[in-house]
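My questions will all concern the structure given below.
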């Protein structure tokens, strides 16, 4: 790991200072692919509810890099050997784990591309960068893909207690001002260990793990799935869907070239070429915002209205409840809207729709949180923390929403 | 409520500034009974583990006063009528709720007096103060005793979600540095309401309530019942018990007059006279510390050794587990200690002992947390938050400890 | 002041919660003119240095509103009468004081419009809003323009110690992570008073005022005038200037309609019509970002190169020093660049230029900070704080910079 | 430096976690001499004004240890060689630098002992500990005494920008809640360097240094020399003086054996024996508090009254101004008091007295702050920061106070 001649420090309100650990990491940060993340907000439309939540993917990736440095230090202090090559690979993997995010983060996965996760696009970016940097990212990519022999490395990058989550929960709590969602990332990391190539938490950390899970649950329902954020994100998905529809039907609509590329073409994982990646690498939140602004003068009622509603924060109403909404209710509301505004049923479906929200606080099956007991045995956290009954957190919790225009429903 | 000519502001690292709302409150704070709380640490021996935890009962009482002012403001904004007299009575009740605490807070309840809670002593102080202030505390005392017709007032002072807890959890988390125990007191208060004379939380606050309960649980097991704090507190109780034993058996031991009073006399709730209260009002942490220091040169092995161990933080070892320790184990350890140090069995019992720790995160039966649903109905929080299964938190959780000298057990 | 039926609380990481004080204020916040501020970052290009500094004008305006509520409370407690109408007018004035900011805040004042300050545009917005709200903003506008009889109101909105500064210094320090720039806004406000219709600070606040001035000075040189931020802003001004140049010379360039309007027309204060305001009200940071991205493929070397440099954070080098740079130095550098890249001298001047930075920590003449002594007299802060010699802070401090391409100069 | 088998982490609200770097440091912390610091508040009587300021010398010493670890890391990154032995010696020196503080910190230096600074007593403790630890503290003691060849080490322990100050300013600001006194210790340390065996700050840190000096100045006048704290400290000095006077005159007075030792004997630097040190090592705040409490029933009017005033926070009044008080004023006040309370003039002088407060923000002559310019030259900070005119801060600022009973003066 070639160190920097001069230590670079980046100010961070969350951790104080973040230091850049090596020359290669510094170059990756300076790369225009990574700089693009400056223009993608971490929390999508959530700043419509929490005005402080305008921090970017760029900042989050640096924060996760900071925590990974701490994790490496902690594990080495516990005599887990980590070579300089492995260390740098961990930094590469965590730095680039989110580089495939598109505008407004998750919204794009359901609108601009078809069934392609941001992780898949992150991997595409990594591969291109690996060519550019003469194969220096290979080990980092292996860790990211969980193809490296030491699996706990991957768990540090992507797992129930990865530094990704440890950063974003803390950072999102910080920027939204929802202080009760704060977790103690430093303490959780201080209690990490490795046993049989699995990332484990020392037993005395059980209450911190509980707290982490509950804080995460709170952040989901109170922040990430806040009803205003949900309706805004759904409207954003729909306005892009409408734009695509219009484009496909031969209408002229305004948009940057990059955005139009994704509206005109149906990009699947198979058709996602290097050319696609290049266009994607030029796309960020500003393309969406600019388009929304121009669309407010478009003649299509749906496109124009949804754009205005989003820009002027005059959103649809939303109801959330534990049981699904009756299909008849949705249909009857739509037909009322159709007649009052002379819309087709298809058009009305842009303003009246239902869906579900899902959150699983703890996924025991796929990726358990393992506690290391004093006797050296490893158990699932739910077995130790029997009184809190974390088991119940391992079932998905589902809520249902229905959106509709104001003065209706 | 006679306001102050000049607003008094007290600096507080937790809330910024605390303002003193009235002339009477200001006089109560200046009273020597209340000033005594400056010399009683909030968290007993916990600062042996968390060196920052040296904040006082004085500071906590002011913090609770601050939160009560917020609560009054919030409830009035929701059209709950609170008269100026009731307002001041709330401030009196919360300001004085802990005035009966003795040295090192809870330790004293089990050693200096017999079966008298600090609340009972608080009430004695309030009554004396009420005479001194010409009956101006009467309404506050009624609220404290839950004898006032509007019962939600008492719930603000002493209940599952009272401002006492809302302050001490936040403050203790702050001063210990256990940041994940932080609760968002301001948000919880913002969601308070009153329905049918019961304090309720608006339904959307359910996740904050969950977080509050889990943070409280974490603070209990990680901080309040931290094993080092537990063993220190148990040793403090025992060194005082030994001192009393020696005094009762005619030995001379050092101590301030106030302390000796409580060592010589067996104070019960019946024998707790005005004279007792006067002596009590002169007692604080420093009496204990000074005595411990002098006792390090006492000839009694037990008194001397326990005092040294506490002062020099060279504590007994402690084991904590979910099952009780076998009585035989304790007995056999004691007999080994007896022979190695030529102690009587009774003397050995000061160094080897077992006990249990108990924490009930949520006491549903005695004092439920009520949620106000949008339809106006009121339900217990466990009914809304069904997925977290708070019900399990309503059972007591018990752990067992055993203490013994180092190099043993 | 018509209060809201239901108190609206907005989460803020800086102050906890911001409450919206009245129906009218709520409507102004919801207005699309004000919502636009969500898309304008408070600190221009500064986030290229401090990645956390992505907070918006929207958020700052709400923060200033919060502090104004505190100030009103403090002054009323000191028996300064403020009527409900005056109170709401203060909120209006502070909420809207920055509504005239354009993309990237100050950069626009030197490029998109000619010699029009954002305050002048704020006033234009206020006048249009006043018509829309049937004259309800009249008093607020008077205060903003300092045409209201009670002049200390204007000083709260725009003065050496206005709540605007008290918020932005605190907020910018918070988001950049430059914690030593933090000021104690709450304490400063707590010490405000009014004497002879002038806003004054009580004498004991002299050290807080000193600290405020020094923190402000630090924020200027360390943050606002950070060399990387300075060069980025200068490049932004220049890329827009180039774009205008190309447009005026008949070249086609990409841009949103709003942006092109300001590039095609020379807008002065006289020609700034209602139509101009309408176009302006659609303009925000995203127009600039989108344009920069498209311009990276433009054939004009200057436009393309500056755009790439800004987007990929591959900026010009900058030197800052206390003395001006020699004109010959600039000229000779330019001629070298001309020959090596075959640029005209005019084109080279986009990459090599010099200028000056100026900061006056304390402007005594135009707007002194007045201290209220205990004897009731009022003096300038420099007279009390004689030892710190604040007088020296009242002179402008000037530095000089020169920018040039890397590997040069 | 023998590392610990298991990293010990101590929770700290200021820095998060403090880690104990070696076995020897751990043993020093566990030593009863060091544990005594748990019972000595850092800020003397200041908590009578700022109730949060009850943190201890123990905590401050750990905080300074934390910062020293950062400083070592920073300097090593800048290629300053520091051997493991030197590293541990630095930790020893900073950990023990304040171990000689007596009860209520500085108050004792003017009452219990005669003209002995706490540094001299610290050194005595270090020497005794050095014997106990077989000479392992020798290098640390050399650094403390500035007898080690590399002088910048001593500057890290005791100088204008030592980690002692960097911790206490930050910590005192934190615990008092005077947030504007906060300094950015981490950034200041990040900018340290060594040039010609002198500790220097890199030039770009000039604003941070300014801020540090101004924050320190603010903390002095607003906190350390707050008038209520000053009067309380002066009263404490006087009550101890009175106690000594009574003891010397053959009166019986209550006190712990350790306290009486210092009241009965006139301890000078020459007569400060190992026996004295042993007694001193048993003395802490609680001895003073206990004595004050018993003295409230003493027959001597002066002793009794001063003790009550301190305990019940019913202090003398104090006036502070820039000019000395006229001696006649003091005399005439005293004679009035003599007649109204039948006191001798000597007794009256315990209640009416004057004195001066002095603060020198920056001591350029004895210990300048050196800036390292980019060209490698080193200059005094006042030469770079010419505009702020730090020179004026290098002159002592003096204020005068006069104390007298209430309803007088």
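So that you can tell them apart, the chains are marked A, B, C and D in the order they are listed, and the count of residues begins at 1 in each.
Here is the rule we use: a contact is a pair of C-beta atoms (placed from the backbone, for glycine too) under 8 Å apart; a residue touches a chain by one contact, two chains touch by 3 or more.
If you're wondering where the values come from, they're calculated on a predicted model, not measured in any experiment.
A.B. asks: Kindly list the shared contact partners of chain A and chain D, in label order.
C.D. replies: Touching chain A and chain D alike, sorted by label: B, C.
A.B. asks: What chain is the most remote from chain D, judged by the mean position of CA atoms in each chain?
C.D. replies: Chain centre farthest from chain D's centre: A.
A.B. asks: Determine the centre-to-centre distance between chain B and chain D, using the mean Cα coordinates as centres, and give it in whole Å.
C.D. replies: Centre-to-centre distance between chain B and chain D: 32 Å.
A.B. asks: In angstrom, rounded to a whole number, how far apart do the mean CA points of chain B and chain C lie?
C.D. replies: 50
A.B. asks: List the centre-to-centre spacing of chain A and chain B in whole Å, with centres computed as mean CA coordinates.
C.D. replies: Measuring from centre to centre gives 43 Å for this pair.
A.B. asks: Among the residues of chain B, pick out those that touch two or more other chains and give their numbers.
C.D. replies: Chain B, residues with two or more chain partners: 16-17, 178, 187.
A.B. asks: Chain C touches which residues of chain B in the complex?
C.D. replies: Interface residues on the chain B side: 7, 9, 16-17, 77, 186-187, 190.
A.B. asks: Which positions of chain B touch chain A when the two form their complex?
C.D. replies: The contact residues of chain B facing chain A are 178-184, 187, 207-208, 210-212, 214-215, 217-218, 221-222, 387-389, 392-393, 395, 397.
A.B. asks: Give the list of chain C residues in touch with chain A in this complex.
C.D. replies: By the definition above, chain C touches chain A via 10-14, 16-17, 30, 32, 35, 38-39, 47-52, 54-56, 58-59, 62, 174-178, 256-258, 282, 284-287, 289-290, 293-294, 311-314.
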